[in-house]
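Before I ask anything, let me first share the structure, which is written out below as structure tokens.
Chain naming follows the written order as A, B, C, D, E, F, G and H, and within any one chain the residues start at number 1.
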Amino acid sequence: LRSGFGEVVYCRGKSIEHFIKIFQSFYEKGVDILGTRASKEQFEALKAIVKEAEYDELSGVIKVVRSHPDKIGNIVVCTGGTSDIPVAEEAAQTAEFFGSTVTRIYDIGIAGIHRLLSQIERIGKANVVIAVAGMEGALPGVIAGLIDKPVIAVPTSVGYGTNFKGVSALLTMLNSCAEGIAVVNIDNGFGAAYMATQINRLAVKGNE
Amino acid sequence: LRSGFGEVVYCRGKSIEHFIKIFQSFYEKGVDILGTRASKEQFEALKAIVKEAEYDELSGVIKVVRSHPDKIGNIVVCTGGTSDIPVAEEAAQTAEFFGSTVTRIYDIGIAGIHRLLSQIERIGKANVVIAVAGMEGALPGVIAGLIDKPVIAVPTSVGYGTNFKGVSALLTMLNSCAEGIAVVNIDNGFGAAYMATQINRLAVKGNE
Amino acid sequence: LRSGFGEVVYCRGKSIEHFIKIFQSFYEKGVDILGTRASKEQFEALKAIVKEAEYDELSGVIKVVRSHPDKIGNIVVCTGGTSDIPVAEEAAQTAEFFGSTVTRIYDIGIAGIHRLLSQIERIGKANVVIAVAGMEGALPGVIAGLIDKPVIAVPTSVGYGTNFKGVSALLTMLNSCAEGIAVVNIDNGFGAAYMATQINRLAVKGNE
Amino acid sequence: LRSGFGEVVYCRGKSIEHFIKIFQSFYEKGVDILGTRASKEQFEALKAIVKEAEYDELSGVIKVVRSHPDKIGNIVVCTGGTSDIPVAEEAAQTAEFFGSTVTRIYDIGIAGIHRLLSQIERIGKANVVIAVAGMEGALPGVIAGLIDKPVIAVPTSVGYGTNFKGVSALLTMLNSCAEGIAVVNIDNGFGAAYMATQINRLAVKGNE
Amino acid sequence: LRSGFGEVVYCRGKSIEHFIKIFQSFYEKGVDILGTRASKEQFEALKAIVKEAEYDELSGVIKVVRSHPDKIGNIVVCTGGTSDIPVAEEAAQTAEFFGSTVTRIYDIGIAGIHRLLSQIERIGKANVVIAVAGMEGALPGVIAGLIDKPVIAVPTSVGYGTNFKGVSALLTMLNSCAEGIAVVNIDNGFGAAYMATQINRLAVKGNE
Amino acid sequence: LRSGFGEVVYCRGKSIEHFIKIFQSFYEKGVDILGTRASKEQFEALKAIVKEAEYDELSGVIKVVRSHPDKIGNIVVCTGGTSDIPVAEEAAQTAEFFGSTVTRIYDIGIAGIHRLLSQIERIGKANVVIAVAGMEGALPGVIAGLIDKPVIAVPTSVGYGTNFKGVSALLTMLNSCAEGIAVVNIDNGFGAAYMATQINRLAVKGNE
Amino acid sequence: LRSGFGEVVYCRGKSIEHFIKIFQSFYEKGVDILGTRASKEQFEALKAIVKEAEYDELSGVIKVVRSHPDKIGNIVVCTGGTSDIPVAEEAAQTAEFFGSTVTRIYDIGIAGIHRLLSQIERIGKANVVIAVAGMEGALPGVIAGLIDKPVIAVPTSVGYGTNFKGVSALLTMLNSCAEGIAVVNIDNGFGAAYMATQINRLAVKGNE
Amino acid sequence: LRSGFGEVVYCRGKSIEHFIKIFQSFYEKGVDILGTRASKEQFEALKAIVKEAEYDELSGVIKVVRSHPDKIGNIVVCTGGTSDIPVAEEAAQTAEFFGSTVTRIYDIGIAGIHRLLSQIERIGKANVVIAVAGMEGALPGVIAGLIDKPVIAVPTSVGYGTNFKGVSALLTMLNSCAEGIAVVNIDNGFGAAYMATQINRLAVKGNE
């Protein structure tokens, strides 16, 4: 099913041994591999064996990429604040791994809506937008109200108190009065990117 | 304590007899009376006795007003949608009852943020803003991000599903990243107006 | 913004007068109108004035359509059970109103997964799938695991006890391990259809 | 009451001294002992005294077994993912401790339902199935829909965000539309195994 | 799959037309039919067409039974209070419909534990026990602590305040320290009876 | 107000400096002092200064007692399991500190109700009972159903999964069908003991 | 067990037939009977048969009393607002039914704390206080901070929005920093009165 | 917008590098800087570079202040207990940073309401009050009932068990029956101070 999508490993909670075994078995098959939520320790164990492994510490994404086809289309990934960037990077790097061109537009949260308005034209050019926000999570709804492309909303666990580890942002997004918005699990940059890639492909290649 | 504030009756759930007894006892004292959450039936029973009683069916507010001092200052009451107007009217009429000038700016919710932006200058002139919103409840935060006056946020129970009868809007408002915002109970237009009136008086008269 | 999308009215909770006023103002502009969550009473008041108004009692959808462009693409709408059909019809009729071809595949819930498997090829041909389910809400995840098109999951409030009016289905969908799935509010057939239409257009016409 | 069931110790949170005292008193009585949720530290203190003590680090199960009667019947223990295996092993080893034959079928979660379908005949041969799953927790319901033996569902705390430490999986299981399913506490492999053993005995020996 | 189990219809929320259509189609096939959560109105519409239809108003169970095989084994259904009886009857009648002998032991809740103790021997003779309780829901756990047969716990929505429509009873049952207990959805007498029947069959006939 | 009750310090979260300062100021006044939720580190710092300070590591209770009046009456403190003993000891030692005779009856939880029944006569002789239980928390209700003295129920946070850190036990206790029971906060042995002491005094001395 | 306590019937949800049957069987035994949460319809059916039956519409309490022993001791029942009176009357009349002298002090909620302070001496004379409050539920804690007798706190479901039908008041009471307070279920006037009567008896008669 | 308000940095969760970069860029602009929720480690890194940086360990507030205009008006900051002081200090120092005169009145919680009453006149002189409380959180409501100035309520996460990390205090405040109160997020001293400063300015300078 996941043809053209490479292999994905959710690394959190996996022991080093188990983690290495999975990567090696995929590596031997010659496919590209994406690891999410990987610790530095996991990466270092992998690096010792697989030289071309790359790691982004901020998001915990590992990439082992050998094929380099052209990237297609345009997915905009944006965030409300700087604390949302780790989740946004999980999304952005996943989308790139799956072959999409990604435009990053970070820290445009509504506290100062003018920053967002100045970027809205650029955002509206995307085939699909991934909007990442914590705390009250209003960003995706505001964007969806201003553009006519699908917006995938990613609530983050950034915040405190009644944020309830992302629940506040999640509810905001599910209740958005704006049109053209759907939501994934809290902090699930990967899931947003997967669906965005599907949409981006449909926009570029149609339903092949 | 509530000098200059008249008497207030929370009518919901009170039997007609009890309701009438309370109004009559205040009426005989000669003070102005505000009733909130009153049913049409309660009002009609009152009207038969107290001719000058007025009723706003939308918000369920009853007023028995005999003093007519000038209204002071400026409180803006705004709403996200038209369904929030009953709560907004409870706020607006309470604030007027307590002697404040009220500016109503309804249905400027963020689904189309341009409507809000076109009103923002008018809103910013207030001494204090009451922002009423249901569903995702982003309006108060967006306003607070654009003006430098205190915003009292009123979540409403308008919505369905994960709105959880106003909880979604409440959480959004409590988690707002914007500055200068505080929140009252779901649908509590009265409470917002009371505090707004205190602030409006301070702005006009200082701490007498 | 909503160019080519007609006008939409959320009818629930609106007084007959208010409801009629809104429809009339849009009717006079000559645009197509979609009403969701309308009561029979609201529809009958409208019908007396606007002859071409149509009503689907099951879903509460009103349509006033005068333009009849060809429908494009393919959106599959499917449900777990028969009780989910009202929400599915809100989605299906919304998508049709906005110009998409819709394929309905109802009552294929996982209690008997063979019914679902026998339809999976048809489902996989869609540009995008709207999967509607109540109770445990597993259908969208199972579909997303079997096809490679985006799935928009709609939890419904169908169920009892620990279903908590749709919360159980919602959580299932947000936590799905399958790839290519995003979620809208409980019972929000309209929202799912709006986003599905955006994706369907991208698949047929690209990013114009 | 627990005749033929040996003695069981829930080790989590017990001080080494208290833990050792309990094990020793049972050991002196000559009965078999099962410890659940034991730490490595607890085990090592025990091992120093009781040579035949065995420990499974993954599940935290300790066994002190001196009687070796034949195992009877057939309990299938299966999991959705690899992260659910610790809980599954608590179940499997408990069932074995109490004298049941156990068949392990792990990592057949619905993300790829074909893996599950290829095993369903083997699963259906059990007297009773223990189905362990985290995240959206759909596995037990899907199995219950495909076989006609009782399924004991064990939600795990595996997941993040709206998983709420297993609540999402629990609700899915409680709301399953499939027939022949009941649920135990989150991560409670022991409880599932106890009841499965009771059923397995009934199936093999009837109500003696 | 449900061979020898007849057909089951969940009647709540179905329109009379839809309801009648389903019953008729099963009736024509000649199978036995069980309807749960049926209203009196639904039953009367059915009775006009299907003479042998029977109805239990307390539990809302409809039966259309033409085969009369001997009942087998022994399932005890017990309740904490008299308000739990509707749910218990849904369970008892479902179990009888599927061919099990049922022993009813109602109103033995723990407020007076002596009533329960005086019945415990009779309860312990069952192959499987269905224990139904609302409010604090302690009954199933107390029974499971006293007998060595599997107990299926059914929380009911009977209670008020912090009962939260059955959540309190559900949590009690999920957290029971007693062994040999598993839980179904709030008020789900049907689900408990289905699984109890599976176990009862295994006890009488083994794994055929 | 708290005449004859000594001084109480809630130690958790207090810095060593702050903690010592409070104890010293009370010590200089010559009153008896009770500290709850104290860490070993806090105690050791105190011990260096106040020689007669005593510490119970299990419950975290510190006592500095110089008056030794006779203890009066009879408060029974009982627990469901051994893990509840720290909370029970907070209660027992608080009650003793305030001058009550305490009878400890631990580990009589309902998993084996016979242990409880064998102690019930002794329990029933108390003036008031403090019943401490975690997990499903059924113990206080069972006791209240068997005796006619007031029972103060203390839910503990002992458990896992759907125990939700004591919420399950709390709800059980609030919903108990037995008569003569009231509840304090989760793990609040101190609060239970305070009220039990008030009742014990009334029973011995009447309303002086 | 309930010697000297008469018989109690919880009437809510019982059919007229069932309700009458229970009352008649107790009536024939010659004992006093207390019915709580009774509807007017239930009462009228009873009145037709049992002439001495009395009914309090506000609280839904039915009394059939033939013995008239002297009332003893002193229980104060107080409320925060007038809307809490139905619950308070359930408590007051229950306590009287069980033979306690009751002092009612209503509508002294903290909005104006001076009303409470002016009554505090009278309240402090009680053997035990039942404090009933809805909304934020602060009354019992404030009283407990001012007197040294046990306070039984009864949260009511009076309020709206984030009151969550009494949960807000319940949590306030469970978290009270004042000493000598325990809590019963939301709206459970009966339970509070039962325990208060036990304490009142101990204060007057000691542990007989 | 934030003219005259200086720059604010929310430090929690920011890496030392990122943190330093932000402070430096503001420092170079010559503006005053307030950092909230800063760790000691962050402060020390800053101190090495910016000599005039000050740090309050209790509240985690960093100040870099070079302008020293006169402070205006009067904001009272009060707390229920000593554990609430860190949050109160975040509020107090923020208000001072923005140019308000602050009066601190700590540890006047309602357990002993007399302490509060003895301070109420001083509190009532403020232009606006920030009332900080954990546990049951009754303090702000009691104050608001006694004075006629706006009260901004700050729930804190101080407490345990059913406090649910501040939720109990939050709900109390949202449901307060007193007039002139609004609420901010749990532990959000900063947000309260910002709004209090706006109100204080209005009181001193009017709406300039």
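In this section, contacts are C-beta pairs under 8 Å (C-beta built on N, C-alpha and C of every residue); 3 or more make two chains touch, one makes a residue touch a chain.
The structure displayed is predicted, hence computed values, not measured ones.
K.L.:
Taking B-H as the reference interface, which entry in F-G, E-F or C-E shares over half of its contact pairs by residue number?
P.N.:
F-G
K.L.:
Using mean CA coordinates as chain centres, what's the chain D-chain E distance in Å?
P.N.:
A distance of 27 Å separates the two centres.
K.L.:
Could you please state the distance in Å, as a whole number, between where the Cα atoms of chain A are centred and where those of chain B are centred?
P.N.:
Averaging C-alpha atoms per chain gives centres 42 Å apart.
K.L.:
Which integer distance in Å separates the CA centroid of chain C from that of chain H?
P.N.:
47
K.L.:
For chain G, write out the residues touching at least two other chains, lowest number first.
P.N.:
Touching at least two other chains: 1, 112, 145-146, 161-163, 167, 170, 174-175, 179, 185.
K.L.:
Kindly provide every pair of chains that touch.
P.N.:
A-B, A-C, A-D, A-H, B-C, B-G, B-H, C-D, C-E, D-E, D-F, E-F, E-G, F-G, F-H, G-H
K.L.:
Could you please specify the touching residues of chain G with respect to chain H in the complex?
P.N.:
For this pair, the touching residues of chain G are 80-81, 109-113, 135-138, 141-142, 145-146, 159, 161-164, 167-169, 171-179.
K.L.:
What residues of chain E sit close enough to touch chain C in their complex?
P.N.:
1, 12-14, 18, 155, 157, 165-167, 170, 185-188
K.L.:
Any idea which chain G residues touch chain B in the complex?
P.N.:
Result: residues 82-83, 112, 158, 160-163 of chain G touch chain B.
K.L.:
Of all residues in chain B, which touch chain H in the complex?
P.N.:
It is residues 1-3, 73-74, 125, 127-128, 145-150, 152, 170, 174-175, 179-185, 191-192, 194-195, 198-199, 202-204, 206-207 of chain B that touch chain H.
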